[in-house]
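Below, chain A partners chain B and then partners chain C, in two separate complexes.
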Partner chain A sequence: MSNLNFTIPSKAKMFTYILMAIGVISIIASFLTDTQPEDAQYHQTRTWANIFIDSFFFMAIGLAAAFFMGLQYAAEAGWATTIKRIIEAVAWYLPYGLCFMLLLFILGQLHVHHIYHWMAEGVADVGSPNYDAGVAAKIGYFGWFWWLRTILYMAGWVFFTWKLRKNSIEADNAIGTDTHHWKNVKLSAWFMVLFAVTSSTSAWDWLMSIDTHWFSTLYGWYMFSGMWVSAIITIIMLIVWLKRLGYLENVTESTVHDMGKWMFAISFLWTYLYFSQFMLIWYADIPEEVIYFQQRWENFKPLMWTVLGINFAFPMILLMSRDAKRNFWFLTIVGTVIFIGHWLDVVMMVMPGTVGHHWTGLSWMEFGIFAGFLGFFINILLRNLASRPLQVKNHPYLDEAIHHTT
Partner chain B sequence: MVTKQVIHGIYDDEVPLLEGCKKLRAAGIRIKDVFTPFPIHGIDPIIGVPRTRLAICAFLYGLTGAALATWMMWYMMVTDWPTDIGGKPSFEYFMAVPAFIPITFESTVFCAAHGLALTYLLRCWLVPGAKAKNPDPRTTDDKFMIYLELNDEQSVKAGEILTATGASEVNHKGTITEKEH
Partner chain C sequence: MHAESRIREPLIIGDKSYRQITDDIIRPIEGKANKYWYMLFTVSVLTFMWGIGCLAYTIGTGIGVWGSNNGVDWAWDITNFVWWIGIGHAGTLISAVLLLFRQKWRMAINRSAEAMTIFAVMCAAIFVLLHTGRPWLDYMLFPLPNQFGSLWPNFNSPLLWDVFAVSTYFTVSIVFWYIGLIPDFGMVRDRAIKPLSKKVYALLSFGWGGGARHWSRFEEVSLVLAGLSTPLVFSVHSIVSFDFATSVVPGWHTTIFPPYFVSGAVFSGFAMVLTLMLIVRKVYGLEAYVTIKHIEYMNIVIIVTGSIVGVAYLTELFVAWYSGVEFEQYAFLNRATGPYAWAYWIMMTCNVISPQLFWFKKLRTSLVFTFILSIVVNIGMWFERFVIIVPTLCRTFVPGTWNMYHPTFVDIGIFVGTIGMFFTFFLLYARTFPVIAQAELKSILKASGEAQKKQAALHANDSHAH
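Entry: the complex of A and B
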């Protein structure tokens, strides 16, 4: 039997701490330098937006991994059983990511930062200097109702992720029974229903409401496909790294191949949704819809093309063949590039609505704060991995997964 | 002219069949074909089937589809009779290109899928009225068969390997003659 107990290599731990240190220094330096005294409305928005982007990006990876974990149960899929613990480890970043989000929301409500235009004081009061008729008309959807939804999303997601993980570890100690598995199948079915609705609505509430006057029903799916592919990449990276360290003997090349297929397929899902949203808005040419792409076209044109180019062309050209999806180097390189690509996609969702015309291009601020959050993210993943055996026991599909071939 | 013996090695399960295939190949015996009730993943390299070139065909058909759609729309909407597409300029193809992408995509998929299916069917000669080439109808039900055409010396060895790996039957089906290459 191969070694199932993962111990964190000290080098890896050191690496995450270095990244976190870079992040902390970047955040402090950003707050010190990111001032625009001539604009009273600015309030270090770029730094806050960066923190928001990275909090959200990594939280979304945890969420998508939780969804992916539930999907395997609900579909009664056996192939991913050997990597179940890795998916679980990524999913359990969710509560940490949500803490950052909650903190940011509370700070926003206290007017420390101005990411959300609709959170501004007196935005719905006629006569207030901040009065905005467009927001006032739909203020019922924001305010306390927004907070209620936010709390419900967070509680619901964490509950299901926690319960699925708990049943999974309890099944390891149970003797000759798969009741835990069937509990999880039922639980996942409910989680899928919850996720189907809340993944869209949370994307509207948390990200789309930054561009308060603009709306798109496709936005939620577009957001979801981006975070899904990022989660797939994270899982692939962990598998490849752990296999290089000599763990995960039972994870076959075929399982990695299947993960490669997911990365390839979801990249196209993302492209499809990105383009669908763009084309409908371009075609209809309605001013209140076009504004979204106009802002991006004017101040963010190179970045806009980069995001589309990287996330579409890179996986299409490099991951099309079977051999590429079975080659760890290919998967790592393509994965790294489109991981950055999808992070830039989130940058493109947040920056135009917050920093807007103050934008001067990507700088050390973006990358430094990203590095910090990446370090924290990896650190949590390593701890999650080390806290449990790397392979499930007593899972009804385990044997099938070990002999999985494609 | 060479005379070869035809051997049907019948198995009840796919795992011993794969084991038999590995042993036969290790002994230098060429496996002519394998008949199974369902597709067995990963069998191709084991029985020595060369890598399929269907993927290359699919890519070329897809490229053809994309080119055809582009040419069609360029001719119809831009060159022959410039059409106003939702108020978008139509002086040049690229000006209204987002509107053309769904058609290009559909045409690519259509050509790739149909071309691929037709190529596959023709290559296997699965045309209307084609006769079944299955030597033993039980392989469409619950039996797994290794089909061999071997010379006398090899056929003795093959028979031993088949029996040793758990074949439920080893049927000698007479001889065939084929031209020497």
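Entry: the complex of A and C
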């Protein structure tokens, strides 16, 4: 029997602390230097936007991993049973990520930062200097109703993730019964329903509302595909790393191959949705909609093309072959690049609506703050991994996964 | 070694041997058709004939015999076209996507689903060829050399993209279907007694020998074709959705169209597979192969895709309000409360509410209920396309052009005629082709057969005891 109890290597722990230190220094340095005195509306927006981007990006990875975990149960999939604990570990970053989001929302409501235009004081009051008729028409959707939804999303997601994980660990000691499995199948079906609605609505509420006037029906699905592929990459990286350390003996090459297929397929899904949204808006050329891409085209053109290139062309060319999807070195390199590509995609969703024409190109601020959050993210994942055995026991599909071949 | 979990339900009921599977599936081909088959066939052919009559009348007289008018210049033709293409989608999904996901239950239904795809695309093609008004000039849809004059197809139009997407889709679907049939034709050939049918099936089976090398090639080509078809599942219906999103009314579109059309297509296609398979299963006595579990799985696909469609409808409504754009809001207000509100609410009921009933296990495992609902879903999906086109076109920007649309007997005749054609082809297919991919089905017998699973469970218990 291989070693199922993971102990965090001290080097890895040190690495995450160094990253976090870089992050803290970057945040402090950003607050000190990020000033635009000629614009009275500018309240260190770039720094706040960066913190927002990274809080959201890693939270979304946790959420997508939770979805992926639920999907396996709901679809009666057996192949991923040997990596279930890895998926669970990534999913359980969710509450930490949500804490950052909540903190940011509260600070926004207190007008410490101006990420959300609709949070501004007097935006719906005729006569106020901030009055905006477009926002005033739909202010009922924001305000307390927005807060209620936000709290419900957070509570709902955390509840399901927590419950799924709890049943999974309890099943380890329940020999001769599948009750925990069936409980999770049922829970997952409900989670999928909740997720189907909230993945879109939360994307509108938290991200689309940054560009308060703009709207696109596809936005929620487009964003979700990006976070899904990021979560898949995170899971692949952990598997590859743990296998190098000598863990996960039962995870076959075929399972890794299948995860590689997921990375490949969802990269295409993302591209498909990106293209659909872009093409239709470009084709119709309706001013209310096309402004979104115009801003990006004018101030962020190199980044816009980079995102598309990295997230589409890169996986398409490099992950097409079977051998590539089974090669750990290849998966790591391609995965790292696409991971950054999807982070840049979130940058592209947030920056134009917040920093806008003040944008001067990627700088140490973006990378430094990203490093800090990445360090924290990895640190939590390692702790989650160490807190439970790396493989489930007594799972009715376990044998299928151990003998999985493609 | 391949393992299958004990908690998975068997996909082949009873204690079947390879020989019995062959016998069960070949019976309709070798035997004589019963009177129900002849009755159904007669009705189908007569309907088909009526359709051909209406079609000839349209070609002879001109497209003015349709109900389309100045305002509503597109109506049943595009509705029917998209409806049929959508139905065809399930075949590709079952044969390609479910193959990539290694779903064993697809083996009971993939053959018929693929056949259905091909017939459905043929029905769809009729409307494409006809709606131009002068079908003898339809070759102008393809880019032609300049000798034909300066009239070129409009490459900016999704309608042209459709020509390429649908013809590619049709070609790949036929190849895929045929490749899968080769081993089964070999089986029919080996059993044929009459010299003529032996010759025909020998020709059709491409000299299939069933050796290891043949199987290896077969597997390889299936995977390649599945890989090619999967993007097609997305591209065809995305481009069909572009037809609507870019061309109905200038200034109106919603970005969610492509993925939701794909989902809607799978939704209606699965419903049609259910309609057909429930009949085939009953008439041919294939209850051991198309089990209640298979039907349950298909119904779950219907819940999932139906819910995606439902979420998309609600998203459209919400975003129309959220946008604050009057025209955007009017587009939906007009659909839900305008002159065609009845069509809108039929669509909503059939597509959003009715599939949710499948959350009850009792209902999704009931054959009668499934059969009724599978028809309800396809009525709903027909109205979805109708609702996007007709109510929108009858209320465009200039109120002077506002008018209603009334289908003529020719519109109805051609549509009903395609249904007749679809069933005529399907009934002929069911008499001459193995309706279940028996060669593939045999590959899962050891792991997923009921008797075999019981045997394995006994064996596992024994080895525990020792």
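Just so we're on the same page, the second predicted complex is superposed on the first by the 406 of 406 C-alpha atoms of A that agree within 3 Å, B and C clash if a C-alpha of one lies under 4 Å from a C-alpha of the other, contacts with A are read in each partner's own complex, and residues count from 1 in each chain.
To be clear about the criterion, a residue touches a chain if its C-beta (ideal position, glycine included) is under 8 Å from a C-beta of that chain, and two chains touch if they have at least 3 such contacts.
Everything numeric here is computed off the predicted structure, so don't read it as measured data.
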(Q) Taking chain A as the common reference, can chain B and chain C both be placed on it without clashing, or not? Answer clash or fit. (A) clash
Q.
After the superposition on A, what does A:283 contact: first (chain B), second (chain C), both or neither?
A. both
**Q.** Touched partner set for A:186, first chain B, second chain C, both or neither
**A.** neither
Q) What is the contact status of A:357 with respect to chain B (first) and chain C (second): first, second, both, or neither? A) neither
Q: Applying the touch criterion given at the start, work out whether A:301 contacts chain B, chain C, both or neither, answering first, second, both or neither.
A: neither
**Q.** Touching partner for A:321 - first (chain B), second (chain C), both, neither
**A.** first
Q.
After superposing on the shared chain, does chain C or chain B touch more chain A residues?
A. C
Q) Regarding the shared-chain residue A:141, is it in contact with chain B (first), chain C (second), both, or neither? A) second
**Q.** chain B versus chain C as contact partner of A:405, first or second or both or neither
**A.** both
Q | When the two complexes are fitted on chain A, the stretch of chain C hitting chain B, from 23-31, 59-67, 95-103 or 203-211 | A | 203-211
Q. Both chain B and chain C touch chain A; at which residues?
A. 279, 283-284, 405-406
Q.
Give the list of chain A residues in touch with chain B in this complex.
A. 254, 275, 278-279, 282-285, 320-322, 405-406
Q | Residue ranges of chain B in contact with chain A within the complex | A | 41-42, 55, 59, 86-88, 98-99, 101-102
Q: Show which residues of chain C lie in contact with chain A when the two form their complex.
A: 1-8, 100, 102, 231, 234, 238, 242, 245-246, 250-259, 307-308, 311-312, 315-316, 319, 321-325
Q: Using the touch rule from the top, collect the residues of chain A that touch chain C in their complex.
A: 76, 78, 134, 137-138, 141, 178, 181, 193, 196-197, 200, 204, 213, 215-221, 261, 268, 272-273, 276-277, 279-281, 283-284, 286, 288, 396-397, 399-400, 402-403, 405-406
